[in-house]
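So that you can tell them apart, the chains are marked A, B, C, D and E in the order they are listed, and the count of residues begins at 1 in each.
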Amino acid sequence: MLTVIVRERPGPLRLLLAWKGSVVPHILPHILLTGMFAAAVTWVSRHHYLDGMVDYTLLPFTIMGIALSIFLSVRNTATYDRWWAARKHWGHMVYEFRSLARTGTIYLSPERRRELLTRCLAHAHLLRGQLRGEDVRSDLPGSLAPELIDQALSTRNPAAFMLHRAGDVLAEAHKAGDLDSVATAAVDQHLHGLAGIQAASERIALTPLPFAYTLLAHRTAYVFCYLLPFGLVGVAGWFTPVFTAIVAYTFFGLDRLSEQLEFPFGRHTNDLPLDAICRIHEISVAEALGDPAPEPLQPVKYQLQ
Amino acid sequence: MLTVIVRERPGPLRLLLAWKGSVVPHILPHILLTGMFAAAVTWVSRHHYLDGMVDYTLLPFTIMGIALSIFLSVRNTATYDRWWAARKHWGHMVYEFRSLARTGTIYLSPERRRELLTRCLAHAHLLRGQLRGEDVRSDLPGSLAPELIDQALSTRNPAAFMLHRAGDVLAEAHKAGDLDSVATAAVDQHLHGLAGIQAASERIALTPLPFAYTLLAHRTAYVFCYLLPFGLVGVAGWFTPVFTAIVAYTFFGLDRLSEQLEFPFGRHTNDLPLDAICRIHEISVAEALGDPAPEPLQPVKYQLQ
Amino acid sequence: MLTVIVRERPGPLRLLLAWKGSVVPHILPHILLTGMFAAAVTWVSRHHYLDGMVDYTLLPFTIMGIALSIFLSVRNTATYDRWWAARKHWGHMVYEFRSLARTGTIYLSPERRRELLTRCLAHAHLLRGQLRGEDVRSDLPGSLAPELIDQALSTRNPAAFMLHRAGDVLAEAHKAGDLDSVATAAVDQHLHGLAGIQAASERIALTPLPFAYTLLAHRTAYVFCYLLPFGLVGVAGWFTPVFTAIVAYTFFGLDRLSEQLEFPFGRHTNDLPLDAICRIHEISVAEALGDPAPEPLQPVKYQLQ
Amino acid sequence: MLTVIVRERPGPLRLLLAWKGSVVPHILPHILLTGMFAAAVTWVSRHHYLDGMVDYTLLPFTIMGIALSIFLSVRNTATYDRWWAARKHWGHMVYEFRSLARTGTIYLSPERRRELLTRCLAHAHLLRGQLRGEDVRSDLPGSLAPELIDQALSTRNPAAFMLHRAGDVLAEAHKAGDLDSVATAAVDQHLHGLAGIQAASERIALTPLPFAYTLLAHRTAYVFCYLLPFGLVGVAGWFTPVFTAIVAYTFFGLDRLSEQLEFPFGRHTNDLPLDAICRIHEISVAEALGDPAPEPLQPVKYQLQ
Amino acid sequence: MLTVIVRERPGPLRLLLAWKGSVVPHILPHILLTGMFAAAVTWVSRHHYLDGMVDYTLLPFTIMGIALSIFLSVRNTATYDRWWAARKHWGHMVYEFRSLARTGTIYLSPERRRELLTRCLAHAHLLRGQLRGEDVRSDLPGSLAPELIDQALSTRNPAAFMLHRAGDVLAEAHKAGDLDSVATAAVDQHLHGLAGIQAASERIALTPLPFAYTLLAHRTAYVFCYLLPFGLVGVAGWFTPVFTAIVAYTFFGLDRLSEQLEFPFGRHTNDLPLDAICRIHEISVAEALGDPAPEPLQPVKYQLQ
């Protein structure tokens, strides 16, 4: 029985030290560099080499820091919305599959229903392959005609091709008079749903945020973190490198996290578990057809693939 | 008569002292620890052991504090949206049940309508069980065939299985010629609605926020609260521990609240009252079928289960 | 002719002094209490009784004040969304009524159309009664069979019952062969719309924001306003009580406004004009049936009921 | 050929000096008053009349200023959403008209199609008239029966009446057996769309933001701007009036802009160009019917009516 | 095979120095001017010419800076939403084309299906031309009747005209009895979808943000950046021009970025790749018809046209 296991929350210490899934590994070099730069500034300042040159206080940084925080948050909200929209569409797919199986039972003959579901399953795998740039031939349902697979893989958009072939099943049944127009439209509405999910996924995968967004956020964060030591050194002394590193962690971390969420279909730690979702489709289809269902994919280190 | 009782607002003093439903019990140890740490820093500082080592002011904390506030709010908005989306979907379910009862009256025979509604009710209970990891067999409608229940519980996704069986009622009626394609599609649209609610619930239950989000928020809040005493001690003296504890309450409280809202299907104080909603379905179905309706669940200490 | 009168904006002075519709009456005692407390702190401070005990500055309050502002705004956005969603649903109802009248003309006989519209009108009144906890029997359409009203009021959910009875009109027409499945589905879609509005209204009326939200906002605002005088007294002297009262007005006002918007179906000044909306339905139905239409409700002191 | 002309951006100097479309004309008296008050405070302060009475610093204003900024932005987002929602609905109307023309070609006879489109066009004009409180009789299509116009104008809601009459065209065709139920439902769906746009427009036009919102924003902005000179005068000297005026411009400007966006159907500079949109409908209908199409309305001084 | 290539992220140095796609080229003159003005202020201040005249501190700028940051972010969110909505609609178009091809296979004869798809393709090109103000005659499908093209280009709205002609294909098939009402409605629903995309695109292209928005943001940013040197010069000395330039970069950059996103259909660097999307339609249509498909457009310098 597939029970939804509510993920156990790691304890506070584990949270503080977690490495996997964190953005720290990606930005650590930058944080260290910033900290070392701040240490150098402090050393120079303590030896009075900057006297007469640098006498400004921390106040200007407050204005810039707040502007930067707000801007990074706006960008973060935009990328998080992409990630969550992608998640929603792929969750929606689960539901189109189940409704396809159900309406298939109502209106179609068992053979046609099996063929329709198999082609839709192949569509989902092919879409996953396209979004990740991976070869998914070995994951396609075994009962699919090999020449259909070859034909699909030779087109520009195999997933769209395969969905079109699922439509052919309806076209045949309709032309043979086994399916009236209403029933055809009722089943086709779920294929329309699948086509919508593909279009939404392609839109997210192919359209980055406006590049100027990324540039503006990135540059302001850099300039801020490399100027900060000059402002801090007067009041914070040798704590300057520590502070600078912490601020760099917050701003670079948010910057990098936004980047990871921008394209949610890859294989990074925070990307969507497309493999596991496709397995859920396989289970739905198998149970609907009365075939033996495969095991759901298990998370590896708290993480689904 | 089911009147919607507008919940009485507790008085200001009760609000200040409320314990149940508050996040305070969960974070009190952390708050106390932070306060004690701040007291130690103050004691050390008052005895001049930090002189020459610590001479920075509070200003850097303003920048960090604002960045942290903004970031915690962004995360909080994201988790609140999950909570409210979950609530919306389960409220939507009430309305699919009522419309199922109404369209059932229009198009179906009384026996088929009863069977359809009973299976949908079982679907709702099974979904609740899956989301909470609880055994709901005893809550399933008594009129349901026991072998159907056994069969459902032996599958990977009993709720999906049961909804499929509700579809079988339509398939039979359609194949028997009692239901034309239009009427079938009209009733099936509500089953499609129920499938959508299940998919949305599973999506929320199975997909945490990106883990890096939680890490970034958690770590920045910790570092901030443990550094704050060093900044405060110069200006706040023995009020340092009090201030530190208040700030820790705000930030840890928001952090913990976000976590509770992230997975809204559990049995915590702020989780959704799935039991009470399922009871509302039972009442809807019973009244629609002319059966005696059970009592609605009453809140226990201002709280529905 | 019902012209939409754009509400005249009161002049600046009237705006400053407006009492009705303001939250000031509700929070004035709290504001005064805070101000008096601040005055006491100032008096004590001016007599040097706090010397050596209190020497912290205003800076820590900046951090807390900003965090509190952001948090109150997030909560306010959430409650405003509930208020506006409730308004949208009840505005949507207007449109379902008009479309019911129009499709009724197309597909139904005049008697059935009248009965359908009358029952839907009763549904709207009953829903209003349930949401407000008021007795609406006298507002129900006179042409409705009294035993139907009695029956409705004896059920747990009279509004849902009445909508179901509206569906019975369609069921009869469909069974008598006067209405084909397509036409039935076309009219029923508007009943489905009304059911959706009821479910959404019940969801908003029955689900408060997570209680921990209210607690966190409330407590932080209180603690902030009672600590503020200690921070202000050093720099603001006898202006301390004035400032404290103004800040208390802003924060307590936002807190209270959020509470009022949280449950928008009551009879507070900022709640929704359900009576006036139901009157609009009555006018729509009367004009559609060719009956004399009642007058629209007029705002009393700029306010619709 | 109607090409969408991308509006040329005015140069930076023109932007700085633009008067039309700006909120400055509306708030200039207030700004000047605030500035003059600040000048008076400065003069008094420079002559030491306030010594011993006023000795507080600018810091408390930071807290209040930030709280006010956040709150004004929240309110602004809410009013902007209303404005944009209104724009969306009226843009949606364009598309319902085009689809009505297209489905009319498919299913209806030319005479019925012409009558249907003419009545829908009259509906749009009447709705515009109701929202703006203007007499639009002269804008109604000439081919409409005068007694129908008289009848419409004598009802409480002429736009709803006229849409109902558009539905009569379908009812006749359906009763005459010229239109099957499916085709009727397909065309009626666009009338349903128009009814939805009317309901949404009425909702926006009739429901102001909660009045307490406006009061809270307005009062806090006033109090802030009139207290600010006392805080500034110690550090800014004779620049106090300049600063106060600039801050007043920002806060009063945002306050007034929010008010203008709150009711977007009027004839203010930032209101929606309902006249131009109705002209677009006239062109769509004329081209669909093969009649000579009128010219689109041209913007006057960068502005459509 | 069309694999979705995940765009490689440029390295940190490239990001810092990127010119193309950045807003820097557009605002550099302004930034330099601000910096030079700040240098002049610093020079004058260092020679004590401002003594006695200017003695205010940086604190007032904090309030204004935060208000400005929040306001620019609110405006930026609004323009980003327009950009993303435009992107969504044009991505949606891909999916309407694929579903048109699929339902065409089910219900239409090959000739009618080819004509329908060709006219829809022409519609997409014509819409692109109208939105960009470009001549797209040479991009129209070669198999389209030239007189149809001439006729389209002579109307006020060629894209709407062409979509209407696509509807004619359905009207003919329906009148000839080859297509029942249900099938007609099923195919027409996708034409309705295309009409919706056109209406949404026109709405975005023709409706700027309220002009007062742009004015308020622009003016406040200008005033802020030209006053800032006076506040900075006391604490930052010769770093004043550097700081002023950085702040100007952030605020002017955000201001300009918002403007670019406001009208997303042009040919600026951050505008939408309409050409590439139309090519995707061409590929979809060609593959659906069994014709040789053209190559997808390749990005030039990381950028699709």
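Here is the rule we use: a contact is a pair of C-beta atoms (placed from the backbone, for glycine too) under 8 Å apart; a residue touches a chain by one contact, two chains touch by 3 or more.
Just so we're on the same page, UniProt names per chain: A, B, C, D, E = Bestrophin.
None of these values were measured; they are calculated from a predicted model.
Engineer: Could you run down the chains that neighbour chain C and chain D together?
Structural biologist: Chains in contact with chain C as well as chain D: not a single one.
Engineer: Listed by label, which chains are in contact with chain D and with chain E?
Structural biologist: For chain D paired with chain E, there are no chains in contact with each.
Engineer: Same or different for chain B and chain C, when you check if over half of the residue numbers at their contact belong to both copies?
Structural biologist: Since fewer than half of the residue numbers are used by both chains, the interface counts as different.
Engineer: From the C-alpha centre of chain A to that of chain E, how far is it in Å?
Structural biologist: Result: the chain centres lie 23 Å from each other.
Engineer: In angstrom, rounded to a whole number, how far apart do the mean CA points of chain A and chain C lie?
Structural biologist: Using C-alpha averages as centres, the distance is 37 Å.
Engineer: Could you check chain D for residues that touch two or more other chains and list them?
Structural biologist: If we look for residues of chain D contacting two or more partner chains, we find 57, 59, 62, 66, 68, 70, 77, 180, 182, 185.
Engineer: Sort out for me which residues of chain B touch chain A in the complex.
Structural biologist: So the residues of chain B touching chain A come out as 30, 53-57, 59-60, 62-64, 66-68, 70-71, 74, 77-78, 130-131, 133, 153-158, 160-161, 163-164, 167-168, 170-171, 174, 180-182, 184-185, 188, 191-192, 195-196, 198-200, 202-203, 205-208, 210-216, 218-220, 222-223, 227, 230, 259, 263, 265-266.
Engineer: What residues of chain A sit close enough to touch chain B in their complex?
Structural biologist: Going by the criterion above, the answer is residues 1-7, 9, 12, 15-16, 18, 21-23, 58-59, 61-62, 65-66, 68-70, 73, 76-77, 80, 83-84, 87-88, 91-92, 94-95, 98-99, 101-103, 105-107, 180, 182-183, 185-186, 232, 235-239, 243, 246-247, 249-251, 253-254, 257, 260-261, 269-270, 283-284, 287-288, 293, 296, 302.
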